[in-house]
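Take this structure, written in C-alpha cells, and hold onto it; I'll ask about it next.
First chain written, first letter: the chains are A, B, C, D and E, and each begins at residue 1.
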Amino acid sequence: MTSSPALPFDETRRQGGFLSAVLSSDLPRSRVLSVVLLAILLVLATTPFVFSGSQPIGTAAKICVFIVLVASYDLLLGYSGIVSFAHTMFFGIGGYGIAIALERLGPTWGSAAIGLVAALALSAVLAVAIGLLSLRVRAIFFSMITLAVASAAAVLASQLSSLTGGEDGLSFQLPQALRPAFRLLSEPLFGTAVNGRLLAYYLVFFVSLLVFLTLLRIVNSPFGRVLQAIRENEFRAEALGYRVVAYRTAASVISALAATIAGALMALWLRYNGPDTTLSFSIMVDILLMVVIGGMGTMYGAVIGAALFVLAQSYLQVLMEAGSSALAGLPLLPNLIHPDRWLLWLGALFVISVYAFPGGIVGRLRRAVP
Amino acid sequence: MTFTSTTTAPALETRGLTIRFGGHVAVNDVSCRFTPGTLTAIVGPNGAGKTTYFNLISGQLKASAGQVLVEGEDVTGLPPSARTRRGLGRAFQLTNLFPQLTALENVRLAVQSRADAGWSLFKVWNSRRDLIEKAESILERVRLADKRHIAPKALSHGDQRKLEVALLIAMEPKVFMFDEPTAGMSVDEVPTVLELIHDIKQRGDSTVLLVEHKMDVVRSLSDRIIVLHNGTLVADGEPAEVIASPVVQEAYLGVEVARD
Amino acid sequence: MTEPLLQLSGVHTHIGPYHILHGVDFAIPSGQLTMLLGRNGAGKTTTLRTIMGLWQASSGQIRFDGKDITSASTPDIARAGIGYVPEAMGIFTDLTVRENIVLAARSGPVDKNRLDWILGLFPALKRFWNLPAGNLSGGQKQMLAIARAIAEPRRLLLIDEPTKGLAPVMVRSMIEAFKALKAAGETILLVEQNFYAASALGDNVVVMDDGRIVHSGAMSELVADKALQQRLLGLSLDAHQ
Amino acid sequence: MAAESNTPAELPRAKTDWLPLVLIPALALLALPFVGSPSTWVTLTVAGLAMGMMIFLMASGLTLVFGLMDIINFGHGVFISLGAYATLLVLGPLAGWAQADSLGLNLALLLLCILAAMLVTGLVGAVFERVIVRPVYGSHLKQILVTMGGLIVTEQLIHAIWGASPIPIPLPQSLRGAFVFGDIVMERYRVVAVVIGIAVFLGMELLLNRTRIGLLIRAGVENPEMVEALGYRIRRLFVSVFIAGSALAGLGGVMWAFYRQTLTAGMGMEVMVLVFIVIIIGGLGSITGCFVGSLLVALVANYVGFIEPKLALISNILVMALVLIWRPQGLFPVARR
Amino acid sequence: QDIKIALIAGKTGPLEAYAKQTEAGFMMGLEYLTKGSMTVNGRKINVIVKDDQLKADLAKTLLEQAYNDDKVDLAVGTTSSAAALAMLPVAEENGKVLIVEPAVADAITGEKWNRFIFRTARNSTQDAYGAAAAVPASGDVSIATLAQDYAFGKDGVAALKSALAQIRPNAKVVFEEYAPQNATDFTASAQRIFDALKDKPGKKIINIIWAGQHPLPKIADLKPERFGIEIAPGGNILPAMQIYKNYPGMEGAVYYYYAFPKNPMNDWLVAEHQKRFNAPPDFFTAGGFAAASAVVTAIQKAGGTDTEKLIAAMEGMTFETPKGPMTFRKEDHQALQDMYHFKVKANGKDANDLLDLVATIPADKMPIPVRNKR
C-alpha cells in the first residue's frame, strides 16, 4: 500500500496553555496566518491612537462588526452547510432594536439594553420559527425560502415606516458617554482625545472580540463537530442519534443572535440605521464573499475576509482615483479605472477571489506553511 | 444455541409492520420478536424487503401500518435519532459515511453520540480524551488504525465497508442491524468482521440482526433465520431447517446453486 | 498471437498527492473474460478508472484495439466501444429505470430482442420500469448497472464487483449473462471478490496488490494451485463458496 | 434523438400528474365571486395570463440552467437586461419600422430584436460559462458569488457602453393600445406575449421530452463521470444548455423591454426574486412547472391587487408558501437533489 | 487659502444618472458664476466629490470625513433622501453648513431640520403644490391618486391633498390607490381606479406619484379615455419623459424643463450643455447649478466661509438660478422657487422636444407650509 501522508496536523493532539484555551485549541496552524491575525488584532486594538482622522477609525469599527457578522454566518454556512439569505434580517433586527429604542426611549444605557434584549429575543424567535418550519426541506428550497423571507423583512421595514423610519431609516443620539462631545480624560492620551467616540470604538472592539471568541469556542465544541457531521451527511448524522433539525435550529439561533449583536454594534457606531445599512441584499452578498475569501469553515477566515473586504470597499475608489489620474492621457484605460466604475472591479474581485482562493485564504495559508 | 421465546419483553419486536409504496407492498405485515443474545439472519431475494424492513425499524421510513417496539416500548412514531438513542443501531447496505471527515472523526462522532456529548457548546471537543481513545480502539479492531486520518472518500470500497461496521460498533446499541456487512470486502478481510459480530453475539446482552447473501456466513453465525419474500415473512426457524426449505432453495438460492 | 484488445504498460496513477498505481502491466486478450483480483485497497478500481480516463495515468501507456487511449477523454474512450460498471454503480437515482436504460443506448433505441433478453435476466427491472431508480433495492440497482452496460453491444466491458449484494440466484443469472456476452464476442474485464463467481467465469486472471500486478495467467492454473491462492488472496478457494 | 425506445408493450406506463394543471382554472373560478364584475374578471384574468407568459419567458432560461443543470446563476437577471439593451442594435437602424403603421413590419421588427438579443445573450452566455461558471460546477456557493461578480461586471459594462441613464424605447405602433370589447380590455402587446410564450413553452417541452437532452442534463448533474463513461460529451452539452438558457433570458428581456418601454441596466435584476419564486414553485427544472408557476403568480397578483391591494406586496411569497406547503418539492418535482 | 467644498452624490448605483447631472450642473454653475476663474473673493474653489453609493451610512461617514479630515468649509448633497436625512445631524455636530441638493423629502427642511441645513432642491410639498396648481381652478374635479405603497408615496398623496385644499378647493381626491413599490403590472390598480372614477361628475384625473419606472404607459394603454378620465403624470428627467410623447395633450407640473425658463443663466446653461454633452440640461443639472449659485452668492455675501456668517447671509438670501431667482426662506431654509405647468407636445422636432409651457407657477402662489420646529 502506498503510505498515505497523514493530515498536516494531528487531530488528537492536545494543546495546553492560555492561548490554546482562549482559542479553544483551534490554533491558526500556520505561521503566516498567525502573524496576519496578530497584526489585524493589534491594528484594530490601536487604530484610534495610531491613525488620525475619522476614516481609519470608521473603517476599523466596520471591520470589527463585520468580523462578528461574517463569523456568525460562517457558523451557518461553513460549519452547518446551511445556505441562508436571511442573515441580514438578523443584522437588521439588531440595528433596528438599538435605533428604535434609542430614538423612542431616549439616549440612555437603559434604552440601549432594552433595545438589544428585545432584538435578541425577536431574532431567537424568528430563527427558531424559520428553522423548525423550513430546515426540513431540501437545502436549495431552504435557501430560496430565506431569500423570500429576507425580501419580506425588507418590505416590512419599509411598511412600518412610523416605527422604522421606512426607507429613510433612523438617526438617533447615543448615551452621553458615547457622544463625541464627552471627554473621559481631560488631557489627550498619546495625542488622541479620549472622548465618547473613542469609548464607542472600544465598546465595539471588545464586544466583537468577545463574541468572536465565543463563536470560536462553539465551533470547536462537541456541538460544533456535530454540525460539521450534519453538513457532510445529515442522513447519517440522524441515524447516529443526532437530532438534525434540533442541531440545525440551534445553530441558526446562535448565528442569528451573533448577527443581532453585530447589527446593534453597527447601529451604535453609526448612530443611524436604515434598510440599506443592515438589510440590503448586497450586504448579504458581501458577507458571502467575505466568508468564501477568508475560508469557509474556519473562523479565522471571517477575520481575514472581513478585514480585506472592508478595506477594499473603503479604499478601492480612492485607489482607482489615483490610478486613473496617473494613467490620464492613455486611451480607454483611465475610463475603466475611473472611480465611478469601481463596481466593475468589485465584481471582478468577486470572480477572481473565488478562483484565487478556492479554499479561502486561510485554507491557502494552512496548506503552504506548516 | 436454541431459540426460545422468553416471557420478558424482547429487545425488539415488530407487529404487523407494513409499508406500501403506491401499489407496491414492500414489507407486508411482518411480526417478529428478537431476543438478546440471539443472532437472527434475514435472507431473501433481492428486493424482498430486507433493507426496507430495517428502514422501518430504525425509522428512516414511516410504516404504513404496524408497530416497532424496543424493549416493550412503542417507538413507531419516533424519528431515527430518537430510536438510536433508545438502543437501535444500524449499519447501511450502501456505504453511508461522512465523506470528508477522517475515519477517526467518523467513529468519534458515533462514540460521542453514545456518550450523549453532542450538546455541550462551551467545552472544547478534544478535552474528551476518552472519546478519542475509544474511537481509536474501535478502528484498531476493524483493522483501519493505519488509515485513521484518511477520509472515506479516499478509502477503497472495502475499507469503507469496514468503517461502516466500525460506526455501528461504536454506537454500542442494544440491537445491532447489519445490512450485508461483508459485501465487497476481500476474502481475507471477511473473517475479521465475522469475528467482531461473533464477539458481539457472545456477550449475550446484544441482539443482532444480519442481512447477508453469503450463505456460509449465515450458516456459521446465525442462531435463527427468517426469510422475507416479496415483503412477506415466509419462513422462520433453525438455520439448517430454513435453508433446506423449498422456498429458500428455489426463490433464493436457485436450485443448482445450492452446492458447497 | 494477435494483439490483445487492451494493453496496459507501465501505468502509474496519482490521485492528488497519493501515488496509487505503480507501473501496472497487463493485457486483455480479445473475446475472453479476464478477472482482476486483489485485496481491498489493492488498486483494482483505480485501474479501471484509469482505463476509462476518469483518472489520468501520470505515465505509461494504455492501448485499446491498437490505438493509444492513454490521454483520450472519457467520452471518446466510451465511444471506442468500452462499457463501464463502476463500483458504486453510478445509477442516476433521479431518473427512472427506463430513463437509465434509454441513456445507456447511446446510438439509438435499444434493440427489442436485446431488451427482452436483459429484462428476462433481471425481471425486477421490468417491474419497476417507471420508478425512480433511487428507489430500487441494493441488489436491483446492481442489476440496473449491469443492464445499462450491456444495453448495447460493446467491444470491452469493465465491470467492478457486479455480484456484491446479489442473492445467490441472481449471481447465477449474472454468470449466465457474462457467458452469453462472451459467446457473442465481447471481451470482459471483471473485478471480483466473489471467488466462486470468479473461478466459474474467468479465462484469465490478473492479481494486484499495492498498486502492482503480482500475478497474471490462466484461471485454471490458479484454481488448481491452492498454495498460489493462499499466497495471492490470503485464503484458499475452499474456504468460501 | 428519439428517447422513446421501442420497449416491449407490457412494460408499465408512467402516470401523468394532472392536479397542478387544474390549479389555474380553479383559481380563476374561485376569484370570480370576489372580483364581482365579470368584465373586470375577464380583463384581470387575460392580463394576468399574459403577464404570466412574460414571466415564464424570463424564467424559462433559468429553469434550464438552475433547475436542470443545478447552477445557481444570479447573473441571469443581467442577461435579461442585456437582451433588452440588444434591441437598441435593431431599433437604432430600423427606427422607422417601429413608427410604421404596419403590423407586418412591426412584428418583423420585434422578431429581429429577438434574434439580435438571443444572439448577443447567447454569445455572452458562452463567455460567461467559459470564464465564470465552468470552474465552479457543483458548488452552489461559489456559483452564487462568481455569477454575482459576473452580474456586477456586465451591468457596469452596460453602463459603460450605453450610459447610466434610462433609455426609452418605442413599442412598435400597431402593438400599442388595447382591444376593447365592451367593458373588457386586452392590451395588444400582451396578446403577442401570449403567442410567443406558448410557442417557447411548446418548443422547450418538445425538445426536452422528445429527445434525451433533458435526461442527459439531469443525469449529468447527478453523476457527470458516469454520463461521460456512457460516451456523452457532457461538457459540450452543458455549454449549449447554458447558452440556450442565456439566449432565452435575452428573449425574455426583449419582451420585458417592450413591455416596460424603458431600459435600465438593473431591470433584469429587479425581476429576479420573482423568477426564482416561479422556478421554485414549478419544482426546479420542470418546464411545465415553471409555466404553471408563472401563470399562477401573475394571476394571483392581479386578483389580489384588485381584491385586497394591501396583500399585493407579499402575494408572490404567499403563493410560494402555499404551494410548498401543499407540495414541498414544488408543483412538478424533477429531481430530489 | 482655498475654499473647500464637498459634493456628495450617489454616483454609483441605480441613480447614477441623477448624480452625474448634479455634478455636471454644480461644476458648470461654479464656472459660470466665477466667470471661469473658479475663485471667489480671491480664494480658489476646491471641490471634493464623494460617492455615497446611495447608502445612508456611507453618506454620513463621508460627510464626517469631509468636515473632519478634508476640513471642507461647507458641503452639498445628496441624491437619496434617506442618505441626506442621515447626514443632517453630522452638519449640526460639526457646526458646518450643508446644502441639500437634490433630495426631496419634506423632513429635511421639516422635523429633521437643524439650523445648518439649507436646501436648494424643491421638496415634495412643492411638487404637490405644483401638481395642484396644474389642476383647473374651477368646476368639479375628481382626482384618483396612484402612488407607491411606502412612505414616499403616502406622503406625496397627503401633500397633494393638503395642497389641493389650500389652492384648489374645487378639486377632491376621491380615491387613493397604492401599488407595491416594484409593481410592474398595473391592470388591477387601473381597474380599481376606473371603477372609482368613472361615475364621478366633472373632470376626472389620475394623478401619478411615482419614483422610478413610470406606470404611465401601462395605465394609458388601458384607455382611460373610455370613461373620460385623464392622466396627470408628474415631471421627471428627460429620458423618463420621452415616453410622454405618445400621449400628447397630457397636463401636469414639472420642476424644470430646459425650454421653459427665460433668463441669461439658463440660456448659457442650455447652450453650453448642448455643446458639451450633446443634450439639453435636465432636472438635476439645473439643481446642481442652483446649489453652486447658492454657494457662491453666500460666500460673496458673507465675505468668507465662517459658518455663522454664512448662515446669517443665507437666511432670506435670494440668488439667481437657471430657474430664475430662488429665496432661502428664513424659517426653514427651504429655497422657494417657481414651478411649471406643462402640456405634452403633439409632435416635437426631436427626442427631447417634449413639453409646451402652459403657465409658470410663481413661488408666491404656492403657500408652502413651514414644518420645522425652531
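The rule we apply is simple: contacts are C-beta pairs under 8 Å (C-beta built on N, C-alpha and C of every residue); 3 or more make two chains touch, one makes a residue touch a chain.
The model shown is predicted, which means the values in this text are computed figures rather than measured ones.
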Original post:
Within the chain touch network, how many edges lie on the shortest path between chain B and chain C?
Top reply: 1
Original post:
Among the chains, which is located farthest from chain D on the basis of C-alpha centroids?
Top reply: B
**OP:** Look at all chain centres (mean of CA atoms) and spot the one farthest from the centre of chain A.
**Re:** C
Original post:
chain B to chain E: how many Å between their CA centres?
Top reply: 75
**OP:** Averaging only over C-alpha atoms, locate the centres of chain A and chain E and give their separation in whole Å.
**Re:** 38
Subject >> Whole-Å gap separating chain A and chain B, where each centre is the average of the chain's CA atoms >> reply: 45
**OP:** Could you tell me the distance, in whole angstrom, between the mean C-alpha positions of chain B and chain D?
**Re:** 49
Original post:
Listing for chain B: what residues touch at least two other chains?
Top reply: 154
Original post:
By residue number and range, which residues of chain E touch two or more other chains?
Top reply: 16, 149
**OP:** Pull out every residue in chain C that's touching 2 or more other chains.
**Re:** 18, 41
Subject >> Sites on chain D touched by chain A in the complex >> reply: 72, 131-132, 135-136, 140-142, 144-146, 148-153, 155-157, 159-160, 273, 276-277, 280, 284, 313-314, 316-317, 320-321, 324, 328-330, 336-337
**OP:** Please give the residue numbers of chain D that touch chain C in the complex, ascending.
**Re:** 2-8, 11-15, 212, 215-216, 218-219, 222-223, 225-234, 334-337
Subject >> chain D residues touching chain E - in the complex, by the definition given at the top >> reply: 37, 40, 43-44, 47-48, 51, 159, 163-168, 170-171, 176-178, 180, 185, 187, 189, 259-262, 264, 266-267, 270-271, 298, 301-306, 309-310, 312-313
Subject >> chain C-touching residues of chain B, taken from the complex the two chains share >> reply: 21, 43-48, 50-52, 93-94, 154-159, 162, 179-180, 183-190, 213-216, 251-254, 256-260
**OP:** Name, in rising order, each residue of chain A that touches chain E in their complex.
**Re:** 53-55, 58, 158-159, 161, 166-169, 171, 180, 270-272, 274-277, 317, 339-340, 342-343
